[in-house]
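Multiple structures follow.
Two complexes are shown next, each including chain A; its partner changes from chain B in the first to chain C in the second.
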Partner chain A sequence: MRNLLSPFLWIILVVVGGIALIPILTGDASLREDLFLILMTVTLASSVNIIMGYTGYVNFGHIVFFGLGGYFAFFLMQNLQMNFVLAALIGGMGTCIVAVLLGIPVLRLRGAYFALATIGINEAMRTFVTNFDPFGGAVGMFFNYSTYDAYGGAKNALWFAYDAIVVVALLTITVSFLIKKSKFGLGLMAIREDQDAAQVLGIDPARAKVITYAISAFFPAITGAIFFFKNGIIEPNVAFDLLRSIESLVMVMLGGYGTVVGPIVGALVYERMSSLLITAPPITLLGVSVSFSQLHLAIAGVLLLLIVLFVTGGFVGWLRQRFPRVRRYLE
Partner chain B sequence: MTQVNSAILTVDKVSKRFGGLLALDRVSLTVNEGQIFGIIGPNGAGKTTLFNVINGVYPPHEGRVAFRGEDITGMPPFKASQRGIARTHQVVKPLGELTVRENVTVGACFGRENLSLEKAAQVADEVMEFVGLIARKDLLASKLNVAQKKRLEMARALAARPRLLLLDEVLAGLNPNEVADMLTVIRKIRAQGVTIIMIEHLMHAVMNLSDRVFVLDYGAKIAEGTPQVISSDPRVIEAYLGDPKVAQRFLEGSA
Partner chain C sequence: MSLPALVSSSIDGLMLGIIYGLAAMGLTLIFGVMRVINLAHGAIITLGMFVVFLLTVRLGLNPYLAVVFALILGLAFGIAMYFIAVHRVINAPELTTLLATFAVYLVIIGLGTAVFTTTPFSVNVNLGTYGSGQVTVLGTKIVAVVLAILITAGLYYFLYRTRAGKSIRAVANNRSAAELMGINTAAMLALSFGVGTMLAMISGGLLATMFTFTILSGDSYETKSFVIVVLGGLGNPTGALVGGIIIGLLEGISTLFMPVGWVPVIEYAVFVLILLVRPNGLLGARV
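Moving on to the complex of A and B:
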């Protein structure tokens, strides 16, 4: 656990934690909402990077864990009046178990077949939940306003949700770093580079991949629990939104897949860009009103294309390649 | 089977079929501890398939493989590695986006001794020094040339501290200087007490290094013995070499 004392890790944690602390200190609710979204995307991108960047299994359906965790926790809170923290943890564990059960067959697939299967999992899960009455079916579930009383009212619950996402984001980054620097992580990267060679070198790929898949499922699950707790309403199309999944992949590629900081940088840049475009006022072009609200998706597509074609390592990968000396310090 | 006590590997009537092709046909062999055991045979004779059956890449259709008295037939490759069987690949498989040092560390980490990352890194440094890759340790493995990639295969296998090392054509594609370097390395490995099975096309190398030579053709054993016996075996010369000129070179190599 000497890696826990790594200055590199602490610099990231202090920077991210420091920024996250600003709204708590100033009480700025609007900044809090912005940062909530950013920290949530950082968590999603960092966690998908563990299976995609370290292990080489491109997971388009990462969001299925976000939705499942959200649904499990919501169900427990609404029907059993369970405390939020406990519900989120149980939701996270439950999602890990689902990930193990799904991972055992699906992780036998390689490359494009695995990627396609993950889309299938997400879509199947969405359809299942849409028709699953205990989870409210297509309408979903929503809280009574009184649910928040246990957390000091709705206003305080929003702050509570923010504190929770800060903790989860920092935890995800820490775990991502520890995996990267560990023997287990080295095994994952060996699997990414050449699974057959890794196996001959003494690594059990099936076991390593399933464990990794479960770890990468835990953090989005907790994030989903927090997100829907804060929203007070959960429905299938928001919980299992494939688009959000794909956006996470763009962030990982943008920042640098397989690195610790890459997904953080990618999430930050992408989230800022899309919120700027969404909130930009429509302009009138040749007498037609043009809105930017969906433009970030077009830009995301172009960005992804450019990265895949020219800078496969993303921003951090490019830095590491361009300046080999920073390699030792920049993970 | 007279030297059962010192046998490290026993392959007993192993067959492997790919569709209609019988790649291995009831092959049996025994390798004693500390030996260099050479395997020769024309292209497509089933030599690499034999390696793949020994370290568990393919399960055989019939027959048994025993390593140090334990039945390892059909055991997955990572378990074979943990028991002390390491191998190199004929078609090199570098972990391209990892550095040379990381590649070798993987071997040490997950091999027989199951070392921690710190200890494995030390072993990696020693092994890279040993095979002459230390100057390239921070390079990405994909940036190495062919000879260096072969050394990397060797280093990764050695870092696992194996009891048995399977070398699949480590000399192929090397120039004479590189071959000489590699032969020195192989002799040093044997001196450390590691048993070696080597597949090789370079006859002078096999004949000089091996204690025993095994000849495979069309998936079946056609001869086995000391290099002297093999090089004068008429069946080998006829079935395997065919060309009398090559046969002449073959004999010279063994002298």
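Moving on to the complex of A and C:
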């Protein structure tokens, strides 16, 4: 585990962890809410990067794991009064099992067919849960206020959820880094470049892909458990929101596809940009009142188009290309 | 369950299926010619709805004349979109074109929600109802289906009988060989992209004359188009039409047997299964 001692990894962890500590030290609840969202998007973007950036399989339906993990954990907490940490872990493991079962057939598909299938899986799951009564159907499920008593009341539960997301975000970054630097990760990148050649060289692509898919499913599942625990309510259209899924692909592209820091930078920039636009006051244009809260999608679109057309490597990819020296340090 | 109910929901499903097929043909044509999955497809369907809405409700045009405008606009929009967002990355890996077309989706939907919010709109067209007894059909649906069939016939005429259409098929078959034969491939790719988005816009316009819609309505038609296209074979326009009719019939008839909510679950399950078992669709892939 030489890679665990890599200074680069520790610099990222100290920077991210240091920022995450600020609200815990100052007790600033509004900063905590902002950082919660940012760390959540960092986790989603970093985890989708593991399958998409390293292996080259574009998962449009990554959010299905977020929703499933959330639903599993919520169900256990509400119906069996299970402790949150245990419920989240079981939800995460359960989602991994689902990912393995789905991954074995679906990962045989390549390119556009795989991308379409992941959209199909997410939509199938969303419509299924909408009709599935044990999970509350279209209305979803919600906690009694007393559920939070075990965690010292609703106010403390919010802090607890924040601590949990910090741990999960740091863990995701660490795992993403370790995979990238490992022999296993090298195999994944070989699959990305040329699957058939990788197979000839002794890599078992089917096995490697399914393992990666399951790993990339674990983190969004736990994140979903935390997010819906914090919200106290879960419903299908929020849990399986395809737009959120595709937004995390945009973040990965923005920061740099297949890099460790890229998704973090991309998630931070995208999340900050959309919340700035959402809170900006509306303007009047040609007699129509236009609010920026809607325009953030359009601006994200223009940004994405510019990146895809001109800076395919994203921010980190551009840095690596522009300054060859940083390639040794910047992963 | 009675026979008239079955007949009437079959007719309904069949008619809806033809409109679905029209939209899906646009998606599949683009994929067949240039291996690009147009993720802005749903947004363009929505655009068609709002073009018809603005022209009829705001400017007082005849709704079907507005559909003709949507046709021209769709062609122009597609050609412009091809040169702005797709041409530069046409040979890049799939991810790139998926994200480029998705960027266009974000721009359209973002601007659309800013202007129209997500409240429902409708174009009121009343052409009466036809039929007898329990089996009745709305006049708007009949006109929409007739138009959809005419446009489909026009598309086939274009693809198989005109020089431009034959060139498009040549480009789909082998782009470099087509180029060597003196075909301007960039122009043909742009044209086929334009025809693809044109079909999406028209079907959006026709759907607007039948149902209420919001700026986000295109999304569900887009996923439906994916299901249909995969069912019929990616890149195969005839397959898209057949797939559309199958999905339309499924939606029409299955509501007699099960709660409406379960229909999409079956659609998506079929979608994933077909991808896994027969990725080339029921009819195989070809243009």
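Keep this in mind: the second predicted complex is superposed on the first by the 329 of 331 C-alpha atoms of A that agree within 3 Å, B and C clash if a C-alpha of one lies under 4 Å from a C-alpha of the other, contacts with A are read in each partner's own complex, and residues count from 1 in each chain.
The rule we apply is simple: contacts are C-beta pairs under 8 Å (C-beta built on N, C-alpha and C of every residue); 3 or more make two chains touch, one makes a residue touch a chain.
Treat the numbers as computed from the prediction; the structure is a model and nothing was measured.
A.B. asks: Taking the superposition on A as described, I'd like to know which of chain B and chain C A:Val58 touches: first, second, both or neither.
C.D. replies: In the superposition, A:Val58 touches chain C alone.
A.B. asks: Using the touch definition from the top, say if A:Leu5 reaches chain B (first), chain C (second), both or neither.
C.D. replies: Neither partner.
A.B. asks: For A:Leu25, select first, second, both or neither according to whether it touches chain B, chain C, the two together, or no partner.
C.D. replies: In the superposition, A:Leu25 contacts neither chain B nor chain C.
A.B. asks: Have a look at where A:Leu109 lands relative to chain B and chain C in the superposition and call it first, second, both or neither.
C.D. replies: Once the two structures are laid over each other on A, A:Leu109 reaches chain C alone.
A.B. asks: On the A-aligned overlay, A:Leu186 touches which partner chain: chain B = first, chain C = second, or both, or neither?
C.D. replies: first
A.B. asks: Using the touch definition from the top, say if A:Val200 reaches chain B (first), chain C (second), both or neither.
C.D. replies: After superposing on A, A:Val200 lies in contact with chain B but is clear of chain C.
A.B. asks: Check the contacts made with chain A and report whether chain B or chain C touches more of its residues.
C.D. replies: When the residues of chain A touched by each partner are counted, C comes out ahead.
A.B. asks: In the superposed arrangement, what residues of chain A touch both chain B and chain C?
C.D. replies: The answer is that chain A has no such residue.
A.B. asks: Looking at the complex, which residues from chain C come into contact with chain A?
C.D. replies: 31, 35, 37, 84-85, 88-89, 92-96, 98-100, 102-111, 113-115, 117, 223, 226-227, 230, 234, 259, 261-262, 264-265, 268-269, 271-272, 275-276, 279
A.B. asks: Considering only the defined contacts, which chain A positions touch chain C in the complex?
C.D. replies: 52, 56, 58, 60, 105-106, 108-109, 111-113, 115-117, 119-121, 123-124, 127-128, 130-131, 138, 246, 249-250, 253, 288, 290-291, 294-302, 304-305, 308-309, 312
A.B. asks: Okay, in this complex, where on chain A does chain B touch?
C.D. replies: 182-183, 186-187, 189-190, 192-194, 196-205, 258, 324
A.B. asks: Mind pulling up the chain B residues that touch chain A in the complex?
C.D. replies: 55, 57, 76-78, 81-82, 87, 89, 93-98, 102, 105-107, 109-112, 114, 116-117, 120, 138, 156, 160
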